[in-house]
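The structure under discussion is supplied below as structure tokens; questions concerning it will follow.
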Amino acid sequence: METRDPREDRAEIPLAVASLLFLAAYALLVLSRGLPDLWHGLALAVIAAVWLLFALDYAARWRRSGQGPRFVRTHWLDTLVLLLPLLRPLRIVRFYEAVVRRRGRPRFPLQARVMFYAGVSVLLIGFAGALAVYQQERGAPGATIRTFGDSVWWTCATLATVGYGDVSPVTPGGRTVAVVLMACGLALLGAVTGSFASWLMAVFATAEERGRPPGS
Amino acid sequence: METRDPREDRAEIPLAVASLLFLAAYALLVLSRGLPDLWHGLALAVIAAVWLLFALDYAARWRRSGQGPRFVRTHWLDTLVLLLPLLRPLRIVRFYEAVVRRRGRPRFPLQARVMFYAGVSVLLIGFAGALAVYQQERGAPGATIRTFGDSVWWTCATLATVGYGDVSPVTPGGRTVAVVLMACGLALLGAVTGSFASWLMAVFATAEERGRPPGS
Amino acid sequence: METRDPREDRAEIPLAVASLLFLAAYALLVLSRGLPDLWHGLALAVIAAVWLLFALDYAARWRRSGQGPRFVRTHWLDTLVLLLPLLRPLRIVRFYEAVVRRRGRPRFPLQARVMFYAGVSVLLIGFAGALAVYQQERGAPGATIRTFGDSVWWTCATLATVGYGDVSPVTPGGRTVAVVLMACGLALLGAVTGSFASWLMAVFATAEERGRPPGS
Amino acid sequence: METRDPREDRAEIPLAVASLLFLAAYALLVLSRGLPDLWHGLALAVIAAVWLLFALDYAARWRRSGQGPRFVRTHWLDTLVLLLPLLRPLRIVRFYEAVVRRRGRPRFPLQARVMFYAGVSVLLIGFAGALAVYQQERGAPGATIRTFGDSVWWTCATLATVGYGDVSPVTPGGRTVAVVLMACGLALLGAVTGSFASWLMAVFATAEERGRPPGS
């Protein structure tokens, strides 16, 4: 919407890499039960460092915007992502804009781009959600999600809106994560499915156009 | 469709506020089990007052329309909402028209508006549905929805069409509410998802347009 | 697609009424367990009469088409509906064309029409499906669908794609009916949801157009 | 996208027939438990022969492309299909292009074509998925999918995103197949539903256009 500082675009791709690091460290933290304490400490250090980096980026953009407290509201998605860095893949539009500015207009059709970016966002949010639900549920009395494999299976069944119910979260924490996962994941997945359908129609129309005998 | 009286637009926003009051009083009524009778009485009074207000508004519009008994049929959504005020968020189009007339053309793109209004309607109808199902189910023999938290969790799983089935209504009353919730909620949520996908495509197309090197 | 005989349009609405009679008789047949044999016989007689009527209509159209055996394939939907009259609501397009020819262009917007006709088709097919599943499942060992109410609840949860799984068919016959119901109902319901979303977008756009201050 | 060798189009339809043979042989392999060893050996031979054929076709196209190792990445869908021939229906676009070139522009409207091809792809992938899940699950301790009928029922409930959960895979292998089935099947089924809704809107619009009294 607004004119943007090129410095923000330059920062976007390193920040995306940092958020992948954040996700990897969080995965290590959740899954590192049997590992020595060293790994645990390392994961915590990386998480703290990346979070600090995000806070600095947020503060720098706030100062540059010159908006005062209104910035928190007008950049509500950035504020949300600062508080819950696992939701960072939701900044898909901003990331895409940075990529486009770096590389110029892409070769693939628009629908394929939407599919790709929304699909990768769903994968990252799904992985983060599976980790967060597993962290909440493991050890809870009566839990049906007992291994990380169960949690991944539950996430896939949820994002596909199939929802078998053979495993499902039972703790308030796990259910809260689940609702956030549904809200974010289903909208993005709807975009994937919708752009796939639209792309298929376009490809079929092109094929018919080219398949027509010449001169008709 | 028809030309509308500006008085109706002026009344729309106060009536929406009154319907929020109605929802709050209904929530108090359903959840006030342990509270003193005073709160219970207050909630009932508010519900009665708001219902009366809605009836007066309906009567005034009926009289102004000069349509006779045909009004009940041509304004079937208003009639339905008069009988079941919890469905008032379904008057989303009328509310939106009133807001637009008050504020002029909005700044945000059309898809973002549809997402916002349909999303808020889903939230309100979902909250009302969770309350109504909880009221029907609690204390029923064999019920799996035993706390209001269960009911909210069931509502989220239903509106996302995931439907784990770990909790689900068992009484005829609860199931009737569930079917109404599905019918209203899923159509509105489909509008949210659809306009999100459409918005994402538009934003990506704009980003590509701007990212193109000049003169190409 | 092809030019159509006006006699077919004239026959379409009476045949739709006959198919409602068929559905009512089938409902009586399935639900009439405690009723005297007279009702049972009456229902069977109506079903036979309507089926004969459909067969005569099919034969008359076949003869008029002059297509020979190819007619069975080119009119595959008509052939399917002749064999399974409960699927008659699938002839929605043909019925709509007959209504439009009788009444001229309708007042409501196109999306509202699609919503209405597809919605009514879903209701009729859902009711027929609930009856057919109940007929297959009742009395089966280990069945979870034990009353007609269960069957209606199951149908609603299936068509909304929620699928709690608290009740679900267990017999091969019931599961076959369920698959047909999913295939027909979900496509039609997708059309309802899609046209609702499209209608909401159009209404919002119109409201913004009208809400704009004059001259801007 | 790229200019294509006519030899590839000529090969596409025989290869599709070969992939049907592959599916039939795989079905025989999975379901042939009680049959004599001869059938088992025959099925294995057909599978090996078709796989070899696919590998030769892939190699020939690689050589003709002159791309070197980049071919594996630019033709990632072909590479995936080479590794998992059961996913061959995903080459729907390539198959459609070959059909269009052979037959010229089709008579049916575009949406009907998309519906038909995507629908057939879903059926084939669903059948392959039901076989693969059954192969993984049968004999597993605690499995709920015990017969091939259960597996088909589970596949239908999954592709419709209903997901009752009365039967669902429990082994890691079965769940992996299920996730692949969801990812492929739901996108294709979304295309079927989406093009059906779009087709219904177009047909209704045409009917209204034709139903209008002349001169209005």
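For clarity, chains are labelled A, B, C and D in written order, and residue numbers in each chain start from 1.
Just so we're on the same page, a residue touches a chain if its C-beta (ideal position, glycine included) is under 8 Å from a C-beta of that chain, and two chains touch if they have at least 3 such contacts.
Chains and their UniProt names: A, B, C, D = Potassium channel family protein.
Remember, it's a predicted structure, so these values are computed and weren't measured experimentally.
The most distant chain from chain B is D, comparing centres defined as mean Cα coordinates.
Different-residue interface: chain A and chain B share under half of the residue numbers found at their contact.
If you average the CA atoms of chain C and of chain D, the two centres end up 29 Å from each other. Centre-to-centre separation between chain A and chain C, using Cα means, comes to 41 Å. Of all residues in chain D, those touching 2 or more other chains are 157, 161-165, 194, 198, listed in ascending order.
Taken together, the chain B residues at the contact with chain A in this complex read 149, 153, 156-157, 160-166, 192-194, 196-198, 200-201, 203-205, 207-208, 210-213, 216. By the touch criterion stated above, chain A contacts chain C in their complex at residues 161-165.
For chain C in complex with chain D, the touching residues are 92-93, 96-97, 100-101, 103-106, 110-111, 113-114, 117-118, 157-158, 161-165, 168, 170, 172, 175, 178-179, 182-183, 186-187, 190-191, 194-195, 198.
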